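Just below sit the structures, each encoded as structure tokens.
Common to both upcoming complexes is subunit A, partnered first by subunit B, then by subunit C.
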Partner chain A sequence: MSDTLAPATVAAARAKTSPGKWIVRAIVLAVLIYAPFVLTSRSIFGIPLSNMQLLNLGLTQINLMLIAMLGALSLNFLTGSAGLISIGHAAFYATGAMTAAIFGTQLGWPFPLVLVCAAIAGALAGILAGLPSLRVRGLYFVLSTLAVHYVVVFLFQEYQFAFFGVVGVPFAQPSIGPIAIDSPIRWYFFLLPLVALVYFGLRNVLATREGRALMAMRDHELAATAMGADVRILRLKAFALSSAIAAVAGALYAHLLTNATSEVFGINFAIQFIAMIIIGGLGSLSGSLLGAAVWLLLPTIITGLTSFAADSTGIVRTVLVDHRPQLVQMIFGLIVIVLLIFAPGGMADLIAKLRAALFGRRHG
Partner chain B sequence: MTQNSFTRSNDRSLRPVALSVALTLAAGLTTFSAHAQESPADGVHADRVDWGILMDMSGPTASSQSVWVRGFQDYAAKVNEDGGINGRELNLLVEDNRFDAATDKIAFEKLVGQTPVIAISGMGSSVSQVALADTIKNGKVPVIGTYTPTKALSEPVSPMVYNGFCGYRQQAEAGVGYMVEKLGLENPKVMTVAIETAGGQEYAQFVADAVAKYNGTASSTTMKVTAADVTPQVQQIMSEEPDFITIYGIENTAILTMKTLAQYGLETPAFGITYLGTPSVYAALGAEAGANYNFISCFTPGGADDAEGNAELVAYAAEAGNADLSGNINYVAGWVAGQLAAQALEMAGENPTRESLVAALEGGFTVDSKGLAAPIVFTPEDHTGPQVLKMFSYDYDNSAFTADGDYADYEKYTKPAE
Partner chain C sequence: MTRPLLEIDALHMRFQGIVALDDVSFSLDEGKVTALIGPNGAGKTTMFNCVTGMYRPTDGAIRFAGETITGLKAHRIARHGIARTFQNLALFSGLTVLQNLLVGAYLKGSSGLLQGMFRTGATRTEEAEAEAQAREILAYLGLDDVADAKPSQLPYGQQKRIEFGRALMQKAKLILLDEPMAGMSKTEKAAMTALIQRVRAEMGMTFLIVEHDIPVIMDVSDKIVVLDFGRKIADGDPRAVRSDPAVIAAYLGTDE
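Then we have the complex of A and B:
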């Protein structure tokens, strides 16, 4: 079943699922449940694995990827459904982190309540950030989200310096009731269902009447208005939902890092989400997940691959060892360029094509 | 949107691609299987000991931190050429933090559990040090030879942390004391120019404390680490008219500040912290702006004197193709951190573990850098590391650093009041 943000999605969602697909899903679920134990014990069924067999990956990295997936999902929902490109996502992350600092660090509220507050604050910030969309379009709107970014980062910085200083804002260890989220594996089992919840939640939103109206608005605003959709309200709703998710992700991100400064939420942080959804597939929810995975994990995998050259000498050592960070970034950049040239629809589209090629089925 | 644009003929044309991808993945996994091996929990192998380094090898602070790593690597290579430590090679696993707090956390946990190391050096980001301080102090992997000695990690003294760089407090005290004496000041007026980091804030406070000893007044101004223009900061210097300024940051912080001061015709004397004592800073400043700029350091740049350790460093750097780095204070600091790591490992015995390493160091020890720094003394109560400093300037005519006096001359500034 495709999750592309198009009317076809809705029809596809109604299609019956074959038993084979359920088996595949069960296997995927089993892998997702077993994976953190493999990454923690560095072994599978008691058989030790080398670091490279585990692709040089660790569980904390997977947890950061899951949080990034929330950001990518929310941005792709906004871009794919409402057709609004925002570079203000770091601002919503910062809003969430700041709200978590106020209600969690300063007031000592329980973690779940802190996340709810972050979502509300994010939604409000999103509505404010979305207001210019009622009047401006295209690049002008993108610039307005850039302005929002700088305003929020400035506010975070002022807040940080006023209450905590340049060292940064500390975040306490989160807990849900008596269960402390105090290890990577606990973080994983907290974040994984949350990502699944957001993913399926957004997919369901798109299947509703308002979701279809959003997509109609994206495809042809005038036609959608003629059909009776209030595009202004729809746009603000999309913004509110998207930024609420991003703010929750920001609160989680700050808690996982345990300390955050305003510099964490720079413009590069915002741009990475745009890169994730382009790499994954603009307008595809599953593409958001893939894009976040590629963006967060690929540099580490490439780094691991170059570690085979640790004992080399001469020019090979100069390139692969002495300049490894630069090489990793160059290879990563090249892969992204190649991917965008040969798969302009992103990873989601590429995988759909490969599946069709292997199994002889059409996608879409 | 690209859905529905795909046809069955495309499916067929892509089939070889899909099969190639599958075959490549299978081949890759086979290759990885060939390298499968269980990593010893503490990074101690039969022929080598894995030692971790966490530093910014890319990003805005890489210009100084990557040079420190090169110094550490060269010293480790020298140790290995001489037979290693207790029969094992010192193998460095360098992780790039990319000036990113999240990457720092990932890299730290990688060195703890994924590719285990016996100890970690570097930790160049002060923000990350603050974030990871509790984890390190309550963990099992000691951090030996830090590059950025923040208070959060250094205080209170922990058996898991040994600083390897000039302390901020000592830099502030020695620098301020020297400048006050040299300029013959009473009630000095001092200004700190710092980047907005945890370390910068700490340093400014240490400067204020040092200035207070002379009944002076201190103020500070900050800038972004990526700042490209420091006109507002220099305007502040112009309005406050300090007797001298002190600079904390990366090389660019010193270059921008001193060049902008020169641009406005100001000849305010300045001293930078140790990180900012590199030939490239002086080269960028030029003789005019560089004449007012000194730096305080607990390490002696290569070629600045004829101490045994200095000659050894210069010779090895040339042999390793890093002759141009030997005069860089960060290279020297990395080399000395390598000496600290090697000595610590030697003390841990023939079959070291993380636990035995921590236990071996707990009673205290002294690192003799053969003149590259004053003897570095660690006691159970004091893990500050290098504490004695001196002021350096640059002789443009001879393209060499010159020290003003000896380390012993500066002890009076940093010695606690009795």
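Then we have the complex of A and C:
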């Protein structure tokens, strides 16, 4: 292929795949809209489905996954794109939940406004958590985010016991104007556009000036500085945006569960997001979605599969039924390890490789 | 005579007792190519780092286009119109060639994360302008067919040109090139020399170049400054410097 022909060929290829892409998009959208009805009615086009055919999944599981996707997207933006490793993500969830409790549960403000407050509180908490990044790097910075985690969880605990006690902070049923979000299906249609908004929003960020500067800073800080970027301000901005999204996710999480205690936002909660973005692919936004889906849904699916062994006896029963939770954890762990061995770049990388193998080398 | 674009005035740089630059003064004329040469450890890269704000000089002054920029932070100095390349490539490995160049246009734009998120009108205009400029420079450098590749997939000579292109994107008045031809073949070196001369002729930029290849330096520069052990030992036009006994001694050694 000659050099002068190359751009024209690419343009032609783009034009040719374009209608196909639109068909795929339409199908994806149709599936996303129809899926919650399938999961609610436990049937497809009027044909009843068994629990196994539905992979043991329920709509609430999907809703929790959608919220986790917000967390994974925001952490991957911070860690994968801006290069800032943080174990403080549970703290921003807790910040969002606490803000929602103050303005929603206690002051009775409308739900959309409560979410805005959570976003603002999250951004402020993020800037505070990001301040040590101006002085320390690497592991020391990671430790400072761990410190932020404990401070915020402590504050949440104090707040919880000062106003609500050991049972936890209650959250009212949310509504947007006259529409109450009172069923899993309504939650689904509220969360889905929100996830899409955050996904496409972050994709836009990374395709424009400051988002690109963040990735440049991650790859070569000194060179990014030589381009005129003030990396200290950039880091704080990245933190603010990421934690604002995480705080909104936290407020939603608390509302979906209708109750939150300080124990919910433990260190495991923070680490699960790190796991999601590594499984999905660091620096890949679509990978964040995949990682959250694997993390939230795979254990349920494995649990469903082990139910085949419900009638067995002896050692099989001991392993598959009596120790089911441990077994699920083990299989899940194995799958994750295998995935990371064969696709160290995460699922996004794996899919890109498969695509390249199936449809020939990708351009570039 | 015009005022020099960059003036280095009695610059000192010490690192805990080690003197990297000792009372160095020289100046750069606008639109000229000046070379900074000297044996390893002479202080050339230290000088670059002082001028671009990566080090804060211990003493002395740096003036650029009439303004004192001594000790300013690196991103502030970039805003004054000084761009640089690095001795060992400093490309953004996770970004494509085109994106690498677009980062060079950072100072031309003004939109932040939120404007980017919602792709406001101003952001879109800014992005379109930056991309048009980047594609123009890629074509100028003969890199238009690798715009979507990652730098690591490309040969070394091309990576050097990408970094040069990224500096051009900054539309700076002064470009500092730290060993632009290191590790290049003879033909690649000739192409780079031609490129520097073409950019200077067509865009009127001023260059300060650190380079070890003396014949190339003689060819491309209008003026040569020689450092040895942090001190300036010669300063002048290429022919004069070449026959300077102090320079010959520094490069070949002398019997003490």
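Methods note: the second predicted complex is superposed on the first by the 344 of 364 C-alpha atoms of A that agree within 3 Å, B and C clash if a C-alpha of one lies under 4 Å from a C-alpha of the other, contacts with A are read in each partner's own complex, and residues count from 1 in each chain.
FYI, a contact is a pair of C-beta atoms (placed from the backbone, for glycine too) under 8 Å apart; a residue touches a chain by one contact, two chains touch by 3 or more.
Bear in mind the structure is a predicted one, so any value in this text is a computation, not a measurement.
Student: Per the contact definition in the header, classify A:340: touching subunit B only (first), subunit C only (second), both, or neither.
Tutor: After superposing on A, A:340 lies clear of both subunit B and subunit C.
Student: For A:324 in the superposed arrangement: first (subunit B), second (subunit C), both or neither?
Tutor: After superposing on A, A:324 lies in contact with subunit B but is clear of subunit C.
Student: Considering only touches as defined above, state whether A:184 meets subunit B (first), subunit C (second), both or neither.
Tutor: In the superposition, A:184 touches subunit B alone.
Student: Is A:241 contacted by the first partner subunit B, the second partner subunit C, both or neither?
Tutor: The second partner, subunit C, only.
Student: Using the superposition on chain A described above, determine whether A:283 touches subunit B (first), subunit C (second), both, or neither.
Tutor: After superposing on A, A:283 lies in contact with both subunit B and subunit C.
Student: Quick one: is A:208 in contact with subunit B, with subunit C, with both, or with neither? Answer first, second, both or neither.
Tutor: In the superposition, A:208 touches subunit C alone.
Student: Which touches a greater number of subunit A residues, subunit B or subunit C?
Tutor: Between subunit B and subunit C, B touches the greater number of residues in subunit A.
Student: Return the residues of subunit A at which the contacts from subunit B and from subunit C coincide.
Tutor: 6, 283, 363-364
Student: Provide the residue numbers of subunit B that touch subunit A in the complex, in ascending order.
Tutor: Within the complex, subunit B touches subunit A at residues 1-8, 10-15, 17-19, 21-22, 29, 32-33, 35-39, 57-58, 62, 94, 96, 98, 101-102, 105-106, 109-110, 113-115, 127, 130-131, 152, 196-198, 200-201, 222, 224-225.
Student: Sort out for me which residues of subunit C touch subunit A in the complex.
Tutor: Within the complex, subunit C contacts subunit A at residues 52, 54, 73-75, 78-79, 83-84, 86, 90-96, 99-100, 102-107, 109-119, 123, 126-127, 130, 144-145, 148-150, 166, 170.
Student: Name, in rising order, each residue of subunit A that touches subunit C in their complex.
Tutor: Spelled out, the residues of subunit A in touch with subunit C are 3, 6-7, 201-202, 204-205, 207-213, 215-216, 218-220, 222-231, 237-238, 241, 283, 363-364.
Student: Of all residues in subunit A, which touch subunit B in the complex?
Tutor: 2, 4-6, 8, 40, 42, 48-54, 56-61, 64, 165-168, 184, 253, 256-261, 263-264, 281, 283, 300, 303, 308, 324-326, 328-329, 344-345, 349, 352-354, 356-358, 360-364
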